Amino acid sequence: MTIIETKDLDLWYGSMQALKKINLSMEEKSITALIGPSGCGKSTFLRTLNRMNDLVPGVRIEGQVIYNGEDIFSPKVDVNGLRYEVGMVFQKPNPFMMSIYDNIAYGPRTHGIKSKVKLDEIVEKALVDASLFDEVKDRLRKSALGLSGGQQQRLCIARALAVQPKVLLMDEPTSALDPISTAKIEELAMSLCDRYTIIIVTHNMQQALRIAHKTAFFLLGEVIEYDTTERIFSNPSDSRTEDYVTGRFG
Amino acid sequence: MNLREFIDQKGYRHNPRRLMEDIIHMVFLILGLVAVGSVLVITVYLVISGLPAIFRIGPVEFLFGTRWASTAAEPEFGILPFILTSIYGTAGAIIIGVPIGFFAAVYLAKMAPKKVRDAMELCIGVLAGIPSVVYGLVGMTILVPGIRILFGVPDGATLLAAIIVLAVMILPSVINVSLTSLQAVPREYEEASLALGATDIETYFRVTVPAAKSGIFTAIVLGIGRAIGEAMAIMMVAGNVANMPSIFKSVRFLTTAVASEMSYSSGLQREALFSIALVLFLFIMIINAILNVLKTGGERR
Amino acid sequence: MIERISGTRRTWCTVMKALCYLSLILVTALTAFMILYVLFRGVPHITPQLLFTKPSTLRHTIGILPDILNTIYIVIATLVVVLPIGVGAAIYLNEYATNRKIVELIEFAAETLSGIPSIIYGLVGMLVFVQFCSLGTSLMAGALTLVIMNLPTIMRTTQESLKTVPESYREGAFALGAGKWRVIRTVVLPTCVNGIVTGCILSIGRILSESAALLFTAGFAHNINGFIDGLGSAGATLTVALYVYASERGEFDIAFAIASILMVLTVIINLLTGYMGRLMKRRNGQ
């Protein structure tokens, strides 16, 4: 079942067109990878899906993004409510200057959950889901900035999970991490995809091959090809895709 | 557009939270505009209360009259002595203070070990933080008697004493601003000069200083602003007599003219004091304008 | 063979270097002299009677307790008003403003305010707060005048530390569905508390050393009042009292005693701001 679908999505930064007529539909409870050389618009596209681009001055968007049957740019849509359901994990881990507990409780508290018992429950569940609980259970009240880079990134995933989103957007979540932490995050993404829809931007083609069900190849603001990951990497229909996945440019 | 359409367009009906956010945005905008409002109020009040007396006295007599006798039976309101005193006093302070501050800044920026620089940072901070009345007090008890004895004048409370106090008071800002601009000069400039066989001192003065000259010029203008606006310290050491300025005479500045008569003034005399403040304000605005030009010029470069 | 530099060049270098050292020594000596001289003349006259009584014409004694209290009141009143305005203005400039023109206008106004001499603040404060708002000559009128004077300081320090809050913090919070105000309140502001505290310390320093702006707005009475009554009535701060005792009454011992208290406070304030600066540098380096 389709959960997010874009229709003729165009995006401009000032006079520079960054996305051109993007038509993609993402399946529920699956992992979709967005690949392509840097500057191809894959991150811009990802950030459009929960309207993070609203925060960038000078951005103009045309076309539609249909989430759960509703256009996310319609004036009826509350952008904060949208981000509640479409969570995001960033390239660099960005825990707040608070305790581990408060970091994870930030989202639920934002949406009005005050009960201590309930918050404890949510925090524990999010940490368990992000397979971080055992590592931090004795220091929940300590600052999150004391964690290692990989732990911080998993904390950010836990923070995003704590509001129980339907979709999780990941913007090159492992590009700042070492191979072991990367493997943990990939494992985590795969274990989450039976409950969440994950859309991941990655520079690392091996990563897309390892975890994604479907892959879209972006080039100069356009989607060149979108298919199952297997086909994209073994038998692409466009020669540019082939050139990219075989490492001839990028 | 009626209210209902407006509410629909903004989407408030579906998202009351958006209305809340927009209200908060407005509150912050208003807080931001307090500074703008203050500048307007200050300007308007000074103009309204300062202009009438200038026209009653006559702009020429007011600005170029050499005699100030506000409480005489036939009062005269010429503020040329104050204007000239302020200019001479400021110029004197700049002539003494800027070289000292400049050389100290060059030392701190280029030659000082880190420990000395840290210690001097505290020193300069303290010098800048000492209340002006304390400078006045020290001036009163040391400079004034000192000048009387040293130069054999009947009263040591003179323009000279004021100049020395002002020179000390502008030191911190001259040093700090020059220091910042000297430190901003890229190291490559200096290396190029050193590689050509110049000594380090030659490099500092022939390459670094010219490269930082707009910052050093800013420091001087800032010093002028500080000196011309200072009131209490020089009120305590300059003797406060409305003489035409001369180095060993008691004098009155634009600032001290306002401060010394305000508490007992009335009528035209009081209005004339506001006019003096307006003249002072004009001086300051000109200095601000120059500073702004310097700043935007520096940014463009 | 390496040619030696010429004699004139060497002399020139020596002279310039000597001038640098001389200037620095002069500045250091001046600071040391100011501190030591004031303390030397002032400290012997700091007595319990001076600190804990009010002046009495009957007994011919002078005490500065009222002036100490007035100073504390005026510092509190000024900060309470200037903090929300200054921090709010900085938040507007850094977080909300999208229009370049408005930002430039506000920044220009703040810069203009920081260049205006305190005697002009005193005059306009008298016209606006004492007369127009009919607060009378009172600590409140003085405090409001100081609010305008210190507004640029608080705005600048807050803005500087807002700029050091990484954009990724804001993005992280927005991505969790937090509204703008919540992001600012819970994520941005707590990160820049240091900058706001630095602004407060700098402002306290300026308030302590201010005299010209207070003479015509807060007056120079020496009565002991509570906080609320105190704000409504005229009163001298320590600095104004120093001026009055030195200039109008010739009580130099008292003046130096007050000056040495102010001097110690100045040094403490500078140590504190230096400490805050290092604290922030360390945090931003992390």
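Per-chain numbering from 1; labels A, B and C assigned in written order.
We adopt the following convention: a contact is a pair of C-beta atoms (placed from the backbone, for glycine too) under 8 Å apart; a residue touches a chain by one contact, two chains touch by 3 or more.
Just so it is clear, the model here is predicted, and its values are computed rather than measured.
**Student:** What are the two chains with the top count of C-beta contact pairs?
**Tutor:** Result of the pairwise contact count: B-C comes out on top.
**Student:** Please indicate which chain is farthest from chain B, where distance is taken between mean Cα coordinates of the chains.
**Tutor:** A
**Student:** So, comparing each chain's Cα centre against the centre of all protein Cα atoms, which one is closest?
**Tutor:** Taking the mean of all protein C-alpha atoms as reference, the closest chain is C.
**Student:** Taking each chain's centre as the mean position of its Cα atoms, how many Å separate chain B from chain C?
**Tutor:** Centres of chain B and chain C (C-alpha means) sit 16 Å apart.
**Student:** How big is the gap, in whole Å, between where the Cα atoms of chain A centre and where those of chain B centre?
**Tutor:** Between these chains, centre-to-centre, one finds 54 Å.
**Student:** How big is the gap, in whole Å, between where the Cα atoms of chain A centre and where those of chain C centre?
**Tutor:** 48
**Student:** Touching two or more other chains, which residues of chain C qualify?
**Tutor:** Within chain C, the residues that touch at least two other chains are 179.
**Student:** Residues of chain A that contact two or more other chains, please.
**Tutor:** Where chain A meets two or more other chains at a single residue, that happens at 80.
**Student:** By the touch rule stated above, which residues of chain B touch at least two different other chains?
**Tutor:** Touching at least two other chains: 17.
**Student:** Chain A touches which residues of chain C in the complex?
**Tutor:** Per the stated touch rule, the residues are 98, 166, 168-179, 182, 186-187, 190-191, 286.
**Student:** For chain A, which residues are in contact with chain C within the complex?
**Tutor:** 50, 52, 55, 57, 80-84, 87-88, 90, 92, 94-98, 106-107, 110-111, 145, 156, 159-160, 163
**Student:** Would you tell me which residues of chain C are touching chain B in their complex?
**Tutor:** Residues in contact with chain B: 5, 9, 12-13, 16-17, 19-24, 26-28, 30-31, 34-35, 37-38, 41, 84-85, 88-89, 91-93, 95-97, 102, 105-106, 108-113, 115-124, 126-128, 148, 151-152, 155, 179-181, 205, 208-212, 215-216, 239, 242-243, 246-247, 252, 255-256, 259, 262-263, 266-267, 269-271, 273-274.
**Student:** Hey, which residues of chain A end up touching chain B in the complex?
**Tutor:** Touch residues, chain A against chain B: 75-76, 78, 80.
**Student:** Show me the residue ranges of chain B that touch chain A in the complex, using the header's touch definition.
**Tutor:** It is residues 8-9, 11, 14-15, 17-18 of chain B that touch chain A.
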